[in-house]
Each structure stands twice: as structure tokens, then as C-alpha cells.
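Some structures are shown below for you to check.
Both complexes below contain chain A, partnered by chain B and then by chain C.
Then we have the complex of A and B:
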């Protein structure tokens, strides 16, 4: 993937795989270490699956950040028009889930990122933005 | 301003045979056709068929429109050609060149026929130029679609790749997992493992995740479920292939794998499995010396 930002759909399980691959390609291209690559890919995987499972599908914007020669990073914005999250604090609690998962994904994605921002309005949708610097 | 009625269709129709001869000669000379596995006879046939269809269609319209039924036959032919060339090993530009290379012989013919009518010549040139460009690009589009179809089929096949459960030692099974674990495939894989545990009467299963690039919460959940199920059946599980980056990520995610024995490599896990079964591997040369 050479042109950023890219927007990819998140509408099926295969899309989640494609999101991971796109994030991996970008992270490798930016020279992320293997550990950093794995962290950002895993965070992307969690959020993409949340978008799919709880948001009813949406899309992700993948951006390459360049702030000076030594500071580069990946920013991912997941957006859906699903039911939204009524209590964000609760949703970020480890072990809490309204579905059948482990309830660790959302907070896990936050811990795997350097910057984490979540916006959600019940009935409107949810937007999660994470950034991981090299 | 009234545009002159196009002279292009009549000229192509009338000089079809000369144009074809010249075109085939040029193509054979250029050597472009040798790039793939194409027979000279096939090149001749295809060229003849194409120019025949082109001359026929030109009688009705000179503007290419892929959706228009008038172009259906030619479009079919080009799609077929593009697909077969793709499998013969031609690149998209080489396929398009087949169409583009027709320009030269037609231009030559038009110049001869319309030498005294510069305006009609310019019009006809423009028409055939635009038309052949559109047709050439169409072959590229079809080529691309054919490639994409191949790629998505391969992706599906990869996802469907079955994972074998292998017996490392009597009583010790191994399940080398490869690829994406968040698909429905996981369910099948896990069921296979449980069935094989019963069938072989094994008491230890090593689940190797060296080939799983991403271990997120869903993958971990699948693993934990399988381990619990195996434990209910009286079997022990060892998860191997936990690489440093995976270990760090699992810790960040807050996934608790402490209930399961985990090892960095498959050989470590195998050694542990042997130990649990009261077996040991010794060096035969050392034994001989001793």
C-alpha cells in the first residue's frame, strides 16, 4: 500500500484480515520493530472486529503520520453507524462485554496504542482513533 | 457545422484483407507475441477474427461503449482474448499492444485512401485512434479482473486450508495452526483436535501457533476454549510458538494464559510433553560410549 490515507471497508471477517494486512504493510514500511508492528496490528484487529460485531460494520481510515524525520506513526480511525456505546467507561473495563468475547479488546487496543480517542453516541455510531508512534 | 459522414467504416471494410496482412506482418516482426506461449497460427486466427468483428461493428457505430449491445460480440472476443493471453503469460500491456498495433496498418490505409481529403483523413484518424485506445484499455480492464478473480480464489483456498492433527509420539498429538484463526475454520480445527484425541487415546496435545501472525483476544478465546474442552476430556494442552512480540501483546491485552502450559517453541513443548509422559530422549552415541 503506497497511497495513504486509505479507507477500507469493515463489513466481513475477510475485511478484518485485509485491515490487518494493510496495517502490517504500512507498519513494516515505516520501519516499525516486530513488537511495535504486532501491537498496532493486534489493536487494529480488535477494533476492526468491534466495528464489525458491535457496530454492524463500518470502515477504517489508515493514515501514515510524519512529524519530522524521526517521528513517524500509524493512525487508524474506525467508524461505524451502529447502536453506539451508552457507557464508554464501562465498555473500557476489562472483562466487560455485551457480546460473547473476553471483554478485553477495546481496553486492550487502548493499552497497545500511544494515543486513544473514542467518541460514541447511542443511536448514531462510534468512532475510535488510535495512534502508534514508531 | 455539419461533420462529414465518417469514411472510416467503408475503408476498413474495403481493405480488410490488406490491413490484416500488414497487421499480422507487423506483429510477427515486433516479436511481442513471442513473450508468451502463443502459436503463430493462433495469432493469425485471432487477428483475422478481430478485424472481421471490428469491420462489422464499424458499419453501425464508431464509438466504443462497453455497455452497448452493438459492441457485445467484439467485447466478448476481447474478454476471451485477454483471459487466454493472461494464462499464456502475457503482461497487460502486451495484451493491449495487440489492439494498439492495429493502428499503424489502418492509419497507412487511411492515408492512401484519403490522400486528397485532409479533413476526412483527420476525422477518420481521430475516430480509429480513440476507438482502438478504448478497446485496448478494455483488454487491460478484463485482464485486471481476471487477475483479481484468481487472487480472491487463492485467498479463499488459503482460508479453507485444512490443518492436520499429527501424532508426534504415541499419546502426544500436535496441532500446527497456520494463518488466520478468527474464521469459522477455527471451529473445524478445534473439533478435529478433540476427535483425534479420542480416536488416538492421546493424553497430551501441543497446539503450535508459530504460524499464526496475530494473536488477539478472539484468537486467545478460541485457544482457551479448546484447551478447556480438551481438559474436560482428560487431556493436557501445551501451547507453543509464543514469540516475544506475541507474549508482549498478550500481556498488554490482559489475556490470562496462566492456566495453560506455554512454550516458546514446538521442540520445548515436545520435550515437556515427553517428560509428562515419563519419557526421555537420550543420545545413542553417548549410550554406546557409556
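Then we have the complex of A and C:
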């Protein structure tokens, strides 16, 4: 097992695949059910793509959370220094996009997570943190 | 650059997605498949995603695009083999793949295509 937390770059489509694989490895290691693994991998994929497409690339911190023997989870923090999001509420609306996608990614990642936190400042960057507990 | 192989099965094309696709690969599959439909005059397209461990909104959009492009090119698309965990996640994500026909496996998908082609369906949304 690699030393955690891990930070991975998100600068290409292949990096997005590597992020998915790293998240999968951790979720499996924590004993997530297949459905829960799939949910956290899918959320990671959406956010990694956002970091790449809208943030111009950035990085993700992958953490294993242990809060007592029965409470473990995965926390992912995606960070970029891109243009930021002017209206976060709008960005979280299903179907809204400034790009060419479906506009489901950001809110989709929120729906697939137990905890969701977003910080963004126009001209500075964006940071999205999600947690999924086992 | 790697490519997703496209096999010919009579008047249908079979695509088996074996790898964890990065976005560029998904985009090239879209292009390759539309070219192949025209080149082979295929009437049906079967996309086997049983090896995919997740379908996010990008891949969902790609599947929808392929179905739409195929329809315009007079071919019908069936997506087969989705894993249950992937289906559960897709719905929770808010993506129900409208306009895409699905079947449980390749055999069922081929049978669905066969029936539709024999009936002369126009590849609409409803069976």
C-alpha cells in the first residue's frame, strides 16, 4: 500500500484514468461494497474532468479516513488555479454548463458523496472536497 | 494512439470496450464508429460495456452521441452488459441515458437488433 495521503496530478485525460484507478484501489482496500466503490470512482471521475476542462488542470489529494474501527472513508480534494466559478449555486444546477458537457458533473459528484464542499474565487481557482464513508 | 476495436458481424458492428477509456479514446471511438457505419453500410451497432467499471456523464454523453449519429446514418444502437453497480450509480448521478436501447448481454442485444431490423424500425426511442 502506498503512503497516504497521495497527491496526483490532473493534467491530461490519462491522469483522469489514473485518479479513478487510485480511488478504486483505496476504496477496495477499505472494503467498500462494489456499488460504493463505483459511486466514489464516478464522483472522482467527474471532478477530475472538471479540474482538467474548466480549471485548466490541477491536482487531487486522496486521503484515507479512519474515525474509529467502524468508520472509514475516502476523502478527495481537487484543486486548480483556473478561472474559478462566478456563481457556485448556478454551477451546481443539473443541466447548467459553460462548456459542452451535460452539466451533470459537479452536482452529480455531490449526489454521489456523503459530504461535499466547494470553494471558488474568480481569478484564483477552485477547490472541491468530497467524502464518502464506508 | 490506442483505439477501441470495432468488429463486423454481418450487417452489424460490435464494439467491446475493454479498457478504462480516457476521454480522447472515447471521442475517437465516436469518430471511428460513424466512419465504419458508412464504410460497411452497417444497420446495427452493439456496444458491449460489461468491462466498464464506471460510466460517468462524459461516457454517458458519448453513448448518447453514438446512438444519435447512428440513427441519422440509418443504423440502430444497443448498449449491452452494463454492470448493476454502474446502473445504480448512473441513475443516482441523474443520467438515465434517454434514447439509448439497452440489453443485458450481447446475445440479447443481437436478438433485439435482429427483430428491429427485420421489422424495419426507424430506430426510435420506443420498442
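Heads up, the rule we're going with is that the second predicted complex is superposed on the first by the 133 of 134 C-alpha atoms of A that agree within 3 Å, B and C clash if a C-alpha of one lies under 4 Å from a C-alpha of the other, contacts with A are read in each partner's own complex, and residues count from 1 in each chain.
Operating definition for what follows: contacts are C-beta pairs under 8 Å (C-beta built on N, C-alpha and C of every residue); 3 or more make two chains touch, one makes a residue touch a chain.
Everything numeric here is computed off the predicted structure, so don't read it as measured data.
With both complexes brought onto chain A, simultaneous placement of chain B and chain C is prevented by a clash. By the document's definition of touching, both partners, chain B and chain C, reach A:45. Residues 13-14, 16-17, 20, 24, 34-35, 37-39, 41-42, 45-46, 49, 94, 101-102, 104-105, 107-108, 111-112 of chain A lie at the contact with chain B in one complex and at the contact with chain C in the other.
Taken in their complex, chain A has these residues touching chain C: 12-14, 16-17, 20-21, 24, 34-35, 37-39, 41-42, 45-46, 49, 94, 101-102, 104-105, 107-108, 111-112. Those residues of chain B that touch chain A in the complex are listed here as 155, 159, 180, 182-184, 213-218, 220-221, 244-246, 248-249, 252-255. Every residue of chain A that touches chain B in the complex is listed here, in rising order: 13-14, 16-17, 20, 24, 34-35, 37-39, 41-42, 45-46, 49, 94, 101-102, 104-105, 107-108, 111-112. In the complex of the two chains, the chain C residues touching chain A come out as 20-25, 53-58, 60-61, 83-86, 88-89, 92-95.
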